[in-house]
Amino acid sequence: MDVKFNMVQKTKHFFEEIGDLSFFAARFFKQAVNPPFEFKELLRQCYQVGNRSLLLVMTTGFIIGLVLTLQTRPTLIEFGAVSWMPNMVGISIVREVGPVITALICSGKIASGFGAELGSMKVTEQIDAMEVSGTNPFKYLVVTRILAATLMLPLLVIFGDLIALYGSSLVEFFKGNVSFRLYFNKVFEALSFGDLIPATIKSFFFGFVIGLTGCYKGYKTGRGTAGVGIAANTAVVMASLLLFVVDFVAVFVSDIFYEL
Amino acid sequence: MKEAMASEEIVIKIENLCKRFGNNEVLKGFNMVLKKGENLVVMGKSGSGKSVMIKCLVGLIGPDSGIIEVLGKEIDQLDQMELDELRSDIGFLFQGSALYDSMTVRENLEFPMRRHRKKFEGTTDTLPLVREALENVGLAHTMDLMPAELSGGMKRRVALARAIILKPKLILYDEPTSGLDPITAKEIIELMRSIQKKYGTSALIITHDVDCARVISERMILLVEGVNYAEGTYEELIRSQDPKVNAFFKK
Amino acid sequence: MANKTSIQNMKLGLFVVLGTLLVLVASYLIGNRQNMFVQNFSVNAVFKNVNGLQVGNNVRFSGINIGTVDKIDMLNDTTIVVQMKVEKKMREHIRKNAIATIGSDGLVGSMLVNIVPGVGEAVSVEDGDRLESYSRISSQNMLNTLSVTNENAALLTSDLLRVTQSLTEGKGTLGKLLNDTKMADDLEQTIINLKYSSEKVSQTLDDLQILMKGAQSDQTITGMLLSDSISAQKLKNILINLDSSSIEINRTAQNLNQWVGEIKNGQGALQLVTQDTVLANQLMRTMQNIEEGTEKFNENMEALKHNFLTRGYFRKLEKEQKKANEN
């Protein structure tokens, strides 16, 4: 009986959360298109999101490229298809691995950052203070952050992709004696706009999801410093989860377009 | 003396204010009037709805029912623009200072001016205004520091400077002395008084600090169980026989 | 303070510019592959079957990627126009007699259009020109016909064999045949024809054999076209069949020859032959079949000559012959 009740509560809570998040997203769109626009703050946030995540994204990208190539090499050698390495790694990184890994890393850094920052601002009444000061805190804090994440993530993904390919080409250079020029030639031979464009569009959505959940969790933080921790934590969990949902939908949709 | 200071012009009028959060009925028909130039202290226990009431005054929280008039305007009836305009006439000192962590002191003070430039038509340089506000609280040298580098008392003073930078007609103080040691608290109270003298503002102070209330108040309202339970000067209230009133002043 | 902000903005600007540049470079490199940014001209070719060719597939000229497939239009049920965008700088190298074929890029590769230089002199192609095409499916068709003919020939020879065998064994009757002198002449002529064609078959076979070798070692033009291993294998099988049937034809012809000679010399067991009308009829029909068969065979050989696949080779042969004649 109690378990059943608990389940019902949880389900209710789940849909409540989704509804809440949707309202939050709708509010974002409404506020984002109406002036005034906080350009200066947007730039600051872009810097925070973009430049400050670059090193992290590049490090993980490099390692992913390295590992992906090292792990695939024996199998490809077995099939006598090791010369296909650049094509395979190139497509998998540009299409899927690059955007998803970058987005996951960023959800760890950016979403939690947003959650904690906005959460502490909420708890210490800084958000109220802003509103009293005649600045729409939603515009100033939320819209700029979501926009910054949405705009910066595709760029981060591109950097991540490049570094991952570089890592992969290093392995091929030292283990397979493949020159960088040949490697990248093959990569770009394998790639088409059908790989790059959906991945880039996907990255925008990833950025949006990261920004949205981070801000949502931060903005709705409950009272007390404990609420800030919870906000940061749940922001990461929710963002990561939503990323995969978005990824699934994106792959599904782009697949349909491929068919056309 | 008192009669001379408090004119008949009404700055805040609250009638039958009700607000509930879920099942928790916080305000159950609160009434209050603040006259121009008056210092009114609202006292209540923690969770008695003081903060809710003061946030209703600036439209941060929408009441369930009741009428709130601030500076002659009914809050409920205002659109966002009008509300912002009204807010520029109200200074608000938050409980925890609420300085923006990511900005310097100067940027903190400039922040309210971003949207309320109308008030400063012709002034492109905000620096003199910032300096003046900081000098009022004696912290002109902290202009380029970050809030994290300030002590609790300094933060509160900077927050006070921020509250008065728009030269408001009314200042709302939410627990101005909470979290401060008695000496710093006294300094803050002194500052509040000097600012009021200098700019002739009205002030609504909510606190549970009896010392603060005694020093600053001209009139007090006790908020108990969601209603204005008792009203009067500090001397009147302290002599009251009502046990609920007495509970406030027991040390 | 303002300094700090401007440094931040500068760094952000650097980040954004670099990122955008990367996107642009990547787009350029990808687009370059699809010939979006170089000056192009278009050529087209008509195919019966494009074997899954898609818009965006590569166009190769002598093994170099020079463009992409731009448009594939179905004109009618057997005519598909494939429009190709080709780098302008390659125009002077592609001549009007170049031939477009559809092939695949490696074992698991995508389809592509191969443009192969034609044999002999020709002027460069113009924008919008239609190249001569060679559909792989037509070579397959040809091989199929060849194989059917081959089967026919085999059938024919076995018929003949039976007849001649019975003739030589003196079992049949050939009265009708013998009374009919025209028929005898015909038979002679047919045998000559048969001989001729069998010679020709073996000659063609030799030619084809050489061709196959060339194909396998990838030296000739056709080599590239034939490098599709499956059809090469098929062709080889057919050649083996042809070979064996030509031997049979040869044998039959010899038999017939011998037999006719016997008739002429009046040495055979004629009485027996003349009584059997059934056999005579059968023989006549067989003769007709032979005629028909050789005709078909000749046609096929002619077709082979004209077909793209082998034409080049025959031309080369002709040239060499000419050269030899001149010498």
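All chains are identified by letter, namely A, B and C, in their written order; residue positions are counted from 1 within each chain.
Throughout what follows, contacts are C-beta pairs under 8 Å (C-beta built on N, C-alpha and C of every residue); 3 or more make two chains touch, one makes a residue touch a chain.
On a predicted model such as this, the values are computed, not experimentally measured, just so you know.
Chain nearest the geometric middle of the protein is A, using mean C-alpha positions. The chain with its CA mean position farthest from that of chain B is C. Spacing of chain A relative to chain C, judged by their CA centroids, is 56 angstrom. Separating the CA-averaged centres of chain B and chain C is a span of 96 Å. In this assembly, the C-alpha centroid of chain A lies 42 Å from the C-alpha centroid of chain B. Residues 36, 117, 120-121, 124-126, 128-136 of chain A are the ones that touch chain B when the two sit in their complex. Of all residues in chain C, those touching chain A in their complex are 5, 8-9, 11-12, 15-16, 18-20, 22-23, 26-27, 29-34, 56.
Against chain A, in their complex, chain B makes its touches with residues 55, 58, 60, 80, 84, 87-88, 90, 92, 94-102, 111-112, 114-116.
Interface of chain A with chain C (complex): residues 43-44, 46-47, 50-51, 54, 154-156, 158-159, 162, 188-189, 191-193, 196, 200.
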